[in-house]
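Order of writing sets the labels: A, B, C and D. Residues in every chain begin at 1.
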Amino acid sequence: MSDMTETTPGWLSSDELELARARMPILYVEAVPVRVDDSGEVTHIGLLLRIGPDGTVSRTLVSGRVLHHERVRDALLRHLEKDLGPVALPQVPASLQPFTVAEYFPTLGVTPFHDPRQHAVSLAYIVPVTGDCRPQQNALDLVWVSPEEASSPLVLDEMPGGHGVLLKQALAHVGCLS
Amino acid sequence: MSDMTETTPGWLSSDELELARARMPILYVEAVPVRVDDSGEVTHIGLLLRIGPDGTVSRTLVSGRVLHHERVRDALLRHLEKDLGPVALPQVPASLQPFTVAEYFPTLGVTPFHDPRQHAVSLAYIVPVTGDCRPQQNALDLVWVSPEEASSPLVLDEMPGGHGVLLKQALAHVGCLS
Amino acid sequence: MSDMTETTPGWLSSDELELARARMPILYVEAVPVRVDDSGEVTHIGLLLRIGPDGTVSRTLVSGRVLHHERVRDALLRHLEKDLGPVALPQVPASLQPFTVAEYFPTLGVTPFHDPRQHAVSLAYIVPVTGDCRPQQNALDLVWVSPEEASSPLVLDEMPGGHGVLLKQALAHVGCLS
Amino acid sequence: MSDMTETTPGWLSSDELELARARMPILYVEAVPVRVDDSGEVTHIGLLLRIGPDGTVSRTLVSGRVLHHERVRDALLRHLEKDLGPVALPQVPASLQPFTVAEYFPTLGVTPFHDPRQHAVSLAYIVPVTGDCRPQQNALDLVWVSPEEASSPLVLDEMPGGHGVLLKQALAHVGCLS
């Protein structure tokens, strides 16, 4: 989660957000965008390529804060639209039961997840998308990879902050972890 | 589950099916068809109206056996197509994790579910459908009701064999049980 | 969620908590304490009786904030201990996948859940307890009711803020909603 | 699933079981036995060492058929007792929602799971055990390994029929897949 400059106007000023981040767990949602066939089986996983503040390129997932007075499903939809563009046609799940809860700590080693900026707790969902994806904003590009490619250490090790672990959990949940 | 004459050609003759039903739990899938809005929230639940062998009309869900050498997701798709028609465009879930497992016993009272013909174990899924639903075969009609209507005792009590309980579990899972 | 005066020392002063509550969703955990038999079937549900600020008695569930740098499972354990006493021996789940996510809004009607103080998002778990429960602090008493009693409108309607809905969701998840 | 000679008296003769196996999916339950700490976090995974019909030793999980008129939770308890002994004190889950459904096909490659004898569909659960485990019957031995050891290719590749994949899915579900 080291890569998300929240550019959407929110309810907190930058200073206030800094303060809150030092005091409370911050609620996030994360989505693993997938392409599925008619029987619902995952055929491709969407990975975002981003440039971090230090110029390095990393692969990541759709991710962002839940704002004050925003429903989890509206936050999911907003971040999917922000990262995949307005015509991605994401199928936000009917149930809010996430496939996992990822806990990002500013301290390394508490969990497999790490965010130097904050303690973030993230509800993670698999989201099939059927439309055209056109990455916006910070995201440079979107690549669709097969479940086999997504399972490879080459891909997973390129994902910072534990996103590789989250992706493995997603692949396991949809029965595609080889 | 008292209403499903399996008319699709299967791997068992009627006699063999009768024999198996007396000896083993039979694997079923069940689907609660729903309409959702852009944020994934359930707006309507699809209920099938069927005429039972004794002429009574009952409300029911999409339901049927998993055949030999058939994947669970293919069985789901086949029964959705059989009951909702070929252009319903069901979104079979990416994950096989069901929202519940319903156990139908031939003996009353072991669980809330009952099937006089057999011991059936059913994997239950919520399935958003976006296309046109045209009930086929045994199904007389399909009605779309709001979550509030679906939660009413009037609807739930009309559903035989414990399907009312299963529908309540589905509504609870999608956060729509009032 | 109108009943939780957080008396455990936390990371926020009262003023800061007030400020944060006006600006961000606050992360909670909630637990439905249950007694189970050897086969894991729920035999009893534990309900807390509390006196609210206005003197009214209400039934509620175990519930509380997740603190900064606290894991979800440690928050669960802390609140279970706070509400059920030190020898309740709760079985905190091995998986963090909650059975549901409950969203409490300060505005009525956005979801079935309501908390006039704040926007809280709560991860909800079923937690079997095997030890002796001795309610502490604000909780007046703990009563164990059967799934049938817990399902009755008499019980559910006494639970403020949507906790009756959450209890129904829990009962549905464990197959005990009649 | 190549290792389960069903020695518990069942409802089917060997011949009948052979016949049924050729005609219908057979319902199984599988359990991943774990040790957890007070906060529910998995500290160890229990693996059974078995000798197969050809004398090779393999690691496997608790697994077996659901019998006619047997509840899923009773089948789980029976197989846990059969494989771990009578004083293992397994905590069968309160909810029947499995973490995954594993589909074993007699044909290789349909899914990651394979059983040359039959088409089996298995409901898979994580089961904490707190007592003394004394493997019975076919099982030679039980070893407790850390999540890190369980995640290693050395362990996973020794598990036949896709059990290595199932174990990875279990580790992912409890947040322990490194």
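Rule of thumb we're sticking to: a contact is a pair of C-beta atoms (placed from the backbone, for glycine too) under 8 Å apart; a residue touches a chain by one contact, two chains touch by 3 or more.
Keep in mind the model is a prediction, meaning the values are calculated, not measured.
When the C-beta pairs in contact are tallied for C-D and for B-D, the bigger tally goes to B-D. Annotation: the subunit A:subunit B pair of sequence copies touches via predominantly the same residues, more than half of the used numbers being shared. Between the Cα centres of subunit B and subunit D there is a gap of 28 Å.
Distance between chain centres (mean CA atoms), subunit C to subunit D: 33 Å.
Within subunit A, contacts with two or more other chains are made by residues 71, 95-97, 99-100, 111, 173, 175. Against subunit B, in their complex, subunit D makes its touches with residues 11-12, 16, 20, 22-27, 66-72, 95-101, 103, 105-107, 110-111, 119, 121, 123.
Interface of subunit C with subunit B (complex): residues 100, 111-112, 165, 168-169, 171-173, 175, 177-178. Against subunit A, in their complex, subunit B makes its touches with residues 34, 36, 38-42, 71, 73-74, 76-77, 91-97, 99, 126, 128, 173-175.
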